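Order of writing sets the chain letters: A, B, C and D. Residues in each chain are counted from 1.
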Amino acid sequence: MSPETTVGPLQLSLALALIVTAAATLYSRHRLTGVVLFLVFGVFLSIYWGVIGAPDVALAEAVIGTGVTGALFGYTATVMPRPAHDRRGSIARTIAGLAGGAGIGAGLGYFLTRAAAAPPGGSGEPVGLTGQATAAVPATGVEHPITGVLLNLRSYDTLMEMVVLLSAATVAVAFAPRSDAGSSTRGGAPASEQRGPAAPPIVRGFVSLVAPVVLLFAAWLLFAGSTQPGGAFQAGAALAAVMILVQTSGVGRLRIGPAMICLLLLGVLAFIAVGLGGLVLGDAWLLLRGEHAGTVTIALECILAVTIGASLAAVFLASAGRRR
Amino acid sequence: MTLLADIVTVLAGLAGAGFFTAGTLGLLRFPDLRSRLHALAKADSLGLGFVSLAVLVQADSAGTAAKVVLVWLLALAAAATSAYLLAGEERP
Amino acid sequence: MSALLPAAVLLPVITALACLALPRRAQPISGFLGGLASAAVNAAVVVAVTSHGVLEHHMAGWAPPLGIALRADGLAAAFVGLTGAVGFATLVFAASAEATTGRRTGFWPLAMLTWSGLMGIFLAADLFNAYVALEVLGLSAVGMVALGGRGAPRAALRYLIVAVVGSMLLLTAIGLVYAATSTLDMDLAGQRLTAEDGWLPLVLAATGMGLKTALVPMHAWLPPAHAGSPPAVSPLMSALVVKGSFYLILRLWLDVFPRNDAVALVLGVLGAVAVIWGGVLALAQRRLKRIVAYSTISQVGYLFLAFPLLNLPGHQPAMVSAVVAMALAHGLAKAAMFTAAGALMLGTGTDHVDGLVGAARSEGVLTAGMILSAVSLIGLPMSLGFTAKWQYLEVALQTGAWWIVLVLLTGTLLAAGYLLRPLAALIRDSDTHEEVGQAEIGPRPAAQRWVPLALGAMAVGAGLFTTDLTALTSIGWG
Amino acid sequence: MIELSVASLTLWTGALLTGLALVRLLTVEDLIARLIALNLTGGGTLLILVGLAARTEPVDPVPQALALTGIVITVAFTGVGLILVRAVDDDERPSRSADGRAHGHDEEANA
């Protein structure tokens, strides 16, 4: 599905569905309908990414953008169903908002299309770094170009991105529910609150059935990443999904304790170690070439996946932990 | 062989589409939550079964076929559990 | 030698990891040591740039446009030095008492991550990498603001939304530059970007960074965030975090985007409005931390006031050193003022101006620190603030930009107004017939007294080294 | 169908999405609706990013890697946003969380 072909009915209908679901999500009356419509939007967006020839982004959007974000929103919206001051927006305001939004979007689209249509300044060669990037990928030890870019050509970007996740996890640790933060709980929270109310047996059965499958799926995603779409981020998010399922269904008991914090540190520490190794062995930070580059990348991806899973789970626990 | 496979795909696909439409009609027409859940859970799961069958026949390797069946089974389990949870919310 | 640059970004991250692993009691020690090491690396980078000129390090061994480069020229070295000085001083202040770091644990790792984000921006030579570093800075700054008292989470949430919208405008601009030049490296993009491709990304990036730097009319989020955050966080926010996004638009303006007089004028006018409007709002405030927060909005106006002058080819090197001097002066003086205000608030339990009457008698050193920082913020002679404004005046007079001269003078008067009023309250005795009682201040630890004085002295003393600062900022071009 | 390349369709969808979401982001009161609008703006911006650059035969891997990084950053911000929404909710509804105040007794540095 090369981007140059003209737009088929599938892409057009998906694009339309995206706009309509987005408008519905933005102007929904209740929080819960907003969250559910957001999930529908996420599904459409994942399919759209796949259809325009970006499978990695589609997978990431599905697992991270819709899966984990959906879980975060879903849980928070149900724990706080009614906003403190729910003002009924009138129909006129909704129409005005939609018109205004569409106007700004159209203006932005017009200027962007004009800018994109103009031939690239001066240099005649095709736009983008496709040629150079695909030529350089074999040296990175992985075949899939996206993973090659993420973990070798632009690995410093991915390291800083892990630092962003570390920052989010630190905020989660700071706002962990009191009973979790390991500090002396005054009078100790009631036992039931400690374990979280047990979900009905059918849910516990479903989770104990599905969790191993999703774990297997996460592992498969991780190792597929070197040859086809997949990789540490999607695998990490699938891992987080398992943790969230286990926590909410009461099958297991996760808390932001020393073990979780240890997992949070591991990923960035490993990445910096690889960076330092590149400096010591080669002559530049994060240098990763030669025959064992592939194995080091895979090992690093495993640790990154675990840390990404732990970070997203920590954020879920902090935002959805039972405090009341 | 492929002609037979194509015929099965087309028929199964149409049947699947039919059941999905039935499920959606049920959602729109039925009066209360529980009957809607009933319509959705049953019809859509069966529709997905037919669509999986349609895809199964075209699968090139056993691995892909197994994955399609796995997708269907997981979808069944998820549909049943979420329907149970939603039904549980509205105790009469 | 160039391997120093990634070390400057990653050492604070390693310290953050250590602080996250330790319980709250042990975090000040490890944070202090990590801050000391990071400040040493920052100093090493500044020395390396002054002796060796521009440093460049290709990450993972891939040269641009494929790989990512880190580059440190004179302009970057100046801001790296500012981060080292103000960052370390604030960490010393934070180590003095646990109350300075807010109710919850998390200040130390988040402060070090903010330091790492700042270094990531100052040393970035790749557009998308600068965006990711900006996100590290934004998210850890939001985290730090949220550690404050009652209103802090709501202010932090508002700041988060502002930070994300600003970054998304920048990301769209980066997409446009990549589409036009097929590279993400700043220098290569600068060479290839033509004027008719360049105006839209410039407008988007300038709006995004203006939003994150709280340029008027997009400033409403700043006072609750900076004033509401814990005493040790406010100096980091006003002195350093705000500089991160300003540095990015300055770097893009000088290296990537072609000349654009219209945008330069708009930024200059908005800067002028910010100087005056920020000053007027600061005059109206009754709480010390809010006065200092609104003063940030006014001082940021000075930074953006430089864009019309930056745009004139003949005067670019002089104007860049003027902007850098202004940024450094504001950084040092604002950190001194906010640490002093924080210490006073912890001592008296309130930061309302009337509650601080006569505090100078028992806290002379603290008040001296505030006076020195006021001298630099107002721009009285011999302080770095003064020499910065003097350089502005020189270029403005040469190019006949009279309105800038007028704004500079009005701004100085307004700054004098809103800063001297709280200082007067500190110094004068509470008259017998006034109902406002004498402020009793709990004894302040040594760090809370001497850090503001040290920073204030640096803000004033640095005025003597302006020629060295100009020499430093002109390394790499100009 | 309409003479329109996929890249510019992606561009137009991204632009419309960003426009709609930005306007709603600035006008809506409810915090969770704001975070949802933030996510939609993020999705729109990434569509623009890939739409602008994706005009080569195999889609250029670099913008895809950037979009992937963008998605992860958006989820990090959304997570922190939701943590803050819960913190705001705790602050502004002391009545409902009686024990919630139990841990808030230690001396607070007031704003």
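The definition used in the following text is that a residue touches a chain if its C-beta (ideal position, glycine included) is under 8 Å from a C-beta of that chain, and two chains touch if they have at least 3 such contacts.
Because the structure is a prediction, the values reported are computed rather than measured.
Here the chain-to-chain distance from chain B to chain C, counted in touching steps, is 2. Taking the mean of each chain's C-alpha atoms as its centre, the chain lying closest to the overall protein C-alpha centroid is D. Counting C-beta pairs in contact, the chain pair with the highest total is A-D. Averaged C-alpha coordinates put the centre of chain A at 28 Å from the centre of chain B.
A separation of 12 Å divides the Cα centre of chain A from that of chain D. Averaged Cα coordinates give chain B a centre that lies 32 Å from the centre of chain D.
In chain D, 18, 22, 31, 48, 52-53, 62-63, 69, 73-74, 76-77, 80, 85, 87 are the positions where the chain touches two or more neighbouring chains simultaneously.
Shown for chain C are the residues that touch two or more other chains, namely 128, 132, 135, 139, 142-143, 146, 172, 176, 178-179. Residue positions of chain A with contacts to 2 or more other chains are 112, 115-116, 127-129, 133, 154, 157, 161, 164, 167-168, 171, 175. Pairwise chain contacts in this structure: A-B, A-C, A-D, C-D. Here chain A touches chain C in the complex through residues 111-112, 115-116, 118, 120-123, 125, 127-129, 132-133, 136, 152-157, 160-161, 163-164, 166-168, 170-171, 173-175, 181, 261-262, 264-265, 268-269, 272, 275, 278-279, 282-289, going by the rule given at the top.
If you check the complex, the residues on chain C that touch chain D are 99-100, 102-103, 128, 132, 135, 139, 142-143, 146, 148-154, 156-157, 160-161, 163-165, 168, 171-172, 174-176, 178-179, 184, 224, 227-228, 230-231, 345-346, 349-350. Against chain D, the residues of chain A that register as touching in their complex are 1-9, 11-12, 15, 18-19, 22-23, 25-28, 31, 34-35, 38, 41, 45, 48, 52-54, 56-57, 60-61, 64-65, 68-69, 72-73, 76-77, 79-80, 83-87, 93, 97-98, 100-109, 112-113, 115-117, 126-130, 133-134, 137, 145-146, 148-150, 154, 157-158, 161, 164-165, 167-168, 171-172, 175, 178, 186-187, 233, 308, 311-312, 315-316, 318-320, 323-324.
The touching residues of chain B, when paired with chain A in their complex, are 70, 74, 77-78, 80-81, 84-85, 88.
Across the interface of their complex, chain C is touched by residues 18, 22, 25, 31, 34, 38, 41-42, 45, 48-49, 52-53, 62-63, 66, 69-70, 73-74, 76-77, 80-81, 84-85, 87-88, 91, 104, 106-111 of chain D.
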